[in-house]
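Going by the order they are written in, the chains are A, B, C, D, E and F; count residues from 1 in each one.
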Amino acid sequence: MKYVIAIIQSHMLEDVKDALVALDITTFTAIEVRRFGGSEEHTEFYRAAEYSVGFLPKTKIEFAVSDELADRAVKSLRDAATTGSTGDGRIYVLELAKTVQIRTGKADADVLAL
Amino acid sequence: MKYVIAIIQSHMLEDVKDALVALDITTFTAIEVRRFGGSEEHTEFYRAAEYSVGFLPKTKIEFAVSDELADRAVKSLRDAATTGSTGDGRIYVLELAKTVQIRTGKADADVLAL
Amino acid sequence: MKYVIAIIQSHMLEDVKDALVALDITTFTAIEVRRFGGSEEHTEFYRAAEYSVGFLPKTKIEFAVSDELADRAVKSLRDAATTGSTGDGRIYVLELAKTVQIRTGKADADVLAL
Amino acid sequence: MAWFAGMGAVCRRSIGTVSLALCAIVLFVPPAGAQDSAIDTGNTAWMLTSTALVILMTVPGLILFYGGLVRKKNVLATFVQCFATCALTSVIWMVAGYSLAFSEGNAFIGGFGALFLNGMEVDSMVGTIPESVFMTFQMAFAVIAPALITGAYADRMKFSAMLVFNALWVLLVYAPVCHWVWGGGFLAGDGVLDYAGGTVVHINAGVAGLVAALVIGKRLRYGSEHFPPHSLALSIVGAALLWVGWFGFNAGSALAADGRAGMAMAVTQIAAAGAALSWMVVEWALRGKPSGLGLISGAVGGLVAITPAAGFVSPVGGLAIGVIAGAACYWGANALKRRMKYDDSLDAFGIHGIGGIVGAVLTGVFASEAIGGVPGLIEGNVGQVWQQIWGVAITMAYCAVVTWGMLFLIGKTIGLRVDEKAETIGLDISLHGERAYEM
Amino acid sequence: MAWFAGMGAVCRRSIGTVSLALCAIVLFVPPAGAQDSAIDTGNTAWMLTSTALVILMTVPGLILFYGGLVRKKNVLATFVQCFATCALTSVIWMVAGYSLAFSEGNAFIGGFGALFLNGMEVDSMVGTIPESVFMTFQMAFAVIAPALITGAYADRMKFSAMLVFNALWVLLVYAPVCHWVWGGGFLAGDGVLDYAGGTVVHINAGVAGLVAALVIGKRLRYGSEHFPPHSLALSIVGAALLWVGWFGFNAGSALAADGRAGMAMAVTQIAAAGAALSWMVVEWALRGKPSGLGLISGAVGGLVAITPAAGFVSPVGGLAIGVIAGAACYWGANALKRRMKYDDSLDAFGIHGIGGIVGAVLTGVFASEAIGGVPGLIEGNVGQVWQQIWGVAITMAYCAVVTWGMLFLIGKTIGLRVDEKAETIGLDISLHGERAYEM
Amino acid sequence: MAWFAGMGAVCRRSIGTVSLALCAIVLFVPPAGAQDSAIDTGNTAWMLTSTALVILMTVPGLILFYGGLVRKKNVLATFVQCFATCALTSVIWMVAGYSLAFSEGNAFIGGFGALFLNGMEVDSMVGTIPESVFMTFQMAFAVIAPALITGAYADRMKFSAMLVFNALWVLLVYAPVCHWVWGGGFLAGDGVLDYAGGTVVHINAGVAGLVAALVIGKRLRYGSEHFPPHSLALSIVGAALLWVGWFGFNAGSALAADGRAGMAMAVTQIAAAGAALSWMVVEWALRGKPSGLGLISGAVGGLVAITPAAGFVSPVGGLAIGVIAGAACYWGANALKRRMKYDDSLDAFGIHGIGGIVGAVLTGVFASEAIGGVPGLIEGNVGQVWQQIWGVAITMAYCAVVTWGMLFLIGKTIGLRVDEKAETIGLDISLHGERAYEM
């Protein structure tokens, strides 16, 4: 099983959601993060305070998939999240040792079906 | 060592905390996330805008444990987080290669004792 | 490749950023989390409600590095994030199976150069 | 309104036991038709302003004060409860509430002569101000009383049940008690002093809140889960707006821009300040830290307590009332609440009920003949304290019984409480389909 | 301002078709020099207060109302648009706007006699209040009109283009229309009733907003992406402040603290309440849940609709106007907007335009001779409705044409819209280099 | 207060060097007992309103303005500092401050005749308004001055030390300076013009802030770490409320609802607008983007600068003062602060100090005989500028020395600053045991 983490442009979340749902990945978590990226650095002023800031808001999503589905999921996600401009983000795939569904207690539950 | 990620109902956080502390897992991180789950989708209206939204707030917690403690930790967590209704969430266990305690610089520090 | 997660004191973020940039790790994500730590527990009162709270705000950062760079990155990060007092946090290094740059679609892109 | 209460008091003191009937005539505010007294534009200007200030207390003052204290998932519902109460009560008041409170009736309740504000013309006067201004000022009072109650049942009441409850409560509890004190009813006749509504608004709302909290029951997981205020920043801003609006509430109750209004404003400021400091000191001593929530709770408690007293006490009396009220409300929202184990979510009773009772009684203690024409205990008039206690007791009893009856009936028909799932998800999503903040 | 409109109406009714020229003379407000009428401190006190209340409507009322409705990345830009409009319009008004609206001119526009407030001395009077107070009160009106328009083009307009547009619009659209209705121009001469600016402020701003939304085009990804309000909590607070400030807007338009001001305040409260409930009921019936956004949208719609009517209708008429306006604005911000497919981001037209039109027409229906001296349809004066429609039509036509022209010119020169990248990143960062909230 | 200052000025100009003693008699405001002048309800109505508006400036205006500018971990502490200052100062003022400022004394300080407001009866008058209103209006001024100082030492001062400092400062710095200018003291006698408190409130608070920033030292990691405002949205709302409340501050200082109050209100609006635009333009030119923080900083700077001038200058003079002050405060909060390397956290000196000084001096330049009875430099009265500079200099010197002494003593006894750990964790948790927002 794989644990997929993706950093995407916040405004692409809807498209990404649709792509995942199309693969029957119907649950995932999303959260606003700040992305630091040298290329997008800018200067902020607050009265006398001048400061170079490189953070922009992005959305991070996370979900689990079976090994079989992993590649297709990553591809779909990537296709859905692309705008072609800098700052489109990145996908990370981690090895997942085990999952447990809290409600049922079932281990390694049907993550494919989820 | 294992890195445990759990998505739980936000109002179960206190119970989960108590369960982890009982196992001597006395530090962990928590954060509010949005959970997308098809089954909990609902329609939101903002004047003329009508939109189907599937996100509900949940809490995500993360902590590291030794291999020996991992199973007990997952079980305790699961028992504490269960309400029996849809949306109780899920636990993910990832392989953890290494930890470093920043204050002391000690590698693979006593994650069990933590 | 490694996926590095670090929990640090929020006010050390700038120092950590500089340390990572010095290693050519020019992008990472950051987010505010709540850290529960038994040792920092305190009691909060809201009129009649009295409650023992162990959460303090911290910052969590995440980034990917090549295997070669991993150790240096962890060491730099640790050095930059240390204040010497309790609550300085912890670094977790996870195995990273794969990365994809969304804009280009390139797999396992130059994470070292990033 | 001090005008009426003061006159009532004077009345009674001079003509003794036959006062009730007589005063009812003298005090009666005839909404049906113009009086010939000339308009005073200065008084009118101040009353127009005061009306705006009292509306400011409910929206956005109370909205923010209460909204900041609930959990994130119930913020919007709390806002909506206050806002909808403002809208609904305004209409109810115009349709029938004003008539029941102020049109010609008996010692217990007004009549139907002013339904739909019938008889209120452009040139109708109440004293030196247009009746339209008086009516709207009173409307703003009628709005805030049920809005205060929402704090007691926050986080769990059905929205539909709340609307029905508030409409009934304004007609069957607020309007009668308002009539007793300001509309020519028996309490003013008996010489009970209530300058700006300590009894009518605050005790009334506080007791109704307590009854509602008891009938509806505790929030789910109350006691086991922590319910920290989601944003004390909002609550402090709300308390600040309440403070500012309260000048209209208290100094506006003079129905004039005169020395007594000025004195009412001065003691309002002083009592609020004294109570904030008094709660702060008690909390600092007992808990080691002075909290922001404590500071504003004290200030609101002081504002409540000075409300009945405003036009009757000197600045030093106001300071004393504030200091006592701050400590008393600390007790009410802490020790009392813990001991009694009810879940009055935002302390509608602990602060408005207790503050109101303390203020009403202390009005009898500190009233100064030089200020409002009526001496209190300190100036040797022991009887005033008993009159005040009588006023408090009859209001509490009436309010508790009728409120309980209403809630019982609503509970049996519509149902008072949302189901467990709705309460767990939060009222914002489950009742209104929205969230207060988009993450 | 009712004073002028009222006089205009009276004028016309008595002297018929020659009224225009005559009224223009009678109504003319001479800013250049003192009149000999005596000051009334009560009226002055109320007008000073009203001025503060109308400023409160724009900053912070409208700021919060609009700011809460946009996405997180455009919050600050929305705040800044309103705040900068407040600053810029104040200066424009002082330099030339007041002169064009109120100094001696012709039936269409005022003159240049009061540029830089020339001739306004400490003791210059307008009726019973100092001219300085009248001028500042009018300034506050001039401020809110362009600020309302910002809601239509929120999230995508260039800041520089907005400043130029607002400056031109105040001079070329607002000042003339203001002159027509209150400055001695032809509309008041024709007997069109507009007590507090339904036509001058709300229809004007609503139509300008609609034109702007059409010319500038939709927001990127409008329709495909969800744009939920980032904080309905802020919007509710903003709506509450608008409500409170509106007392100054409507009751202040009496230019006096008298019975008519009181009546205007009463119907303002009643209409706002009625409209909030009416939108709530319609939404509850059609969508299953009463939303907080609906409640405040209804309240604002009711406040808009009662604006032209305030000093002319009875409380019952006010309630009727409110209830009708709540439902009409629901339609305007929902069905109409969906059908027409324009992206009026925050419904400047759907609420202020529709509410203003409904209110202007209904003023002709519900006007009561006993209140404002002019009967409406219900009292048998059918012609008043046609006069109202005439006033609405001419204002809409003029406003639409001139606004379109201005936007066209600005579009060709400075450019109206930020580029795609700036819009995607958000205006807060791209235009102002800041964020509203630090995470 | 213009009334006093104006009289002082007139006095001095007519009777020359013996003015001091004489004026002290003429200007003296006798708090102990009624005067026989008749009450003017219009003036009283406006002063009651103004008092509410000035309280609105501190809570919630300043609370939001300052609270938005600090980091998330210090939000509540900043709110509490202002709120507690409001409570504490009110009590201090009632106990002794008012007496020291306004009861009979010498040219330097008042006496003890009005301790605990002794002698203030319901019918005591000051001019045409009740003394109780005058006293409360002055109390609101006394509240905002120390609240302004909190901006300088935000994020690091002990709460206990702050309370002691504020209490002492009100008694030993504010009350004397207030006496000099408005209580019959030597500055008014010398002909120094200060309509609404530019010297008494803003320069005084700004200088005290600068001294406090220097004595307490910089925030930890100042310079190396970035301290962005946690919520400019809150700050903009706060600035808007300051703007609205300032009408009470400036136009209220007429102590009447008359033409001069109207003129004061008009120039207040114009100067604030001019200064906001002026800062915006300077920032846009120098930094490429007009920021929201800049816009509101400019507006507040303009409001500060027009404060001493309000009742003395024409609208064009007001615009000039605003435009100059906007640019000057930009310099004060940017170039000056960077060069001097002090950490005046929220620019209490950079804006209130610099704005106050610029305003005080420009009052001497733009004062117009037609408005306030005193000509300025432009009308040929060169001496007025020198008088203004003298007033500024003596206030700055006195304030700096006494403030420094107090802080020195408090530092040696209680200690001024929280420890490093508390500062790092944040004052919300460490001092008050709470957070402003629950995540």
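In this text, a residue touches a chain if its C-beta (ideal position, glycine included) is under 8 Å from a C-beta of that chain, and two chains touch if they have at least 3 such contacts.
Values in this document were obtained by computation on a predicted structure and should not be read as measured data.
With steps allowed only between chains in touch, the distance from chain E over to chain F comes to 1.
Fewest steps needed to get from chain C to chain F, stepping only to touching chains, is 1. Across the two candidate interfaces, A-C and A-F, the one carrying more C-beta contacts is A-C.
Homomeric contact chain D/chain E: same residue numbering on both sides for under half of the interface positions. Chain A and chain E have Cα centroids separated by 45 Å.
Per-chain Cα centroids separate chain C from chain D by 51 Å. Shown for chain C are the residues that touch two or more other chains, namely 31-32, 34, 44-46, 85, 94-95.
In chain F, 40-43, 45-46, 49, 72, 226, 228-229, 257, 287, 291, 293, 433-434, 439 are the positions where the chain touches two or more neighbouring chains simultaneously. Contacting chain pairs (ordered by label): A-B, A-C, A-E, A-F, B-C, B-D, B-E, C-D, C-F, D-E, D-F, E-F. Against chain F, in their complex, chain C makes its touches with residues 9, 11, 14, 32, 34, 42-46, 56-57, 85.
By the touch criterion given at the top, residues 72-73, 221, 224-226, 421, 424-425, 429, 433-434, 439 of chain F touch chain C in their complex. Put simply, chain B touches chain C in their complex at residues 3, 17, 21, 26-31, 62, 64, 94-103, 105, 109. Those residues of chain E whose C-beta lies close enough to touch chain D in the complex are 40-43, 45-46, 49, 53, 71-72, 228-233, 236-237, 239-241, 243-244, 247-248, 251, 256-263, 265-266, 269-270, 272-274, 276-277, 280, 287-293, 295-296, 299, 315-316, 319, 370-371.
The residues of chain A lying in touch with chain C in their complex are 2, 5-8, 31-39, 54-55, 58, 60, 74, 78, 81-95.
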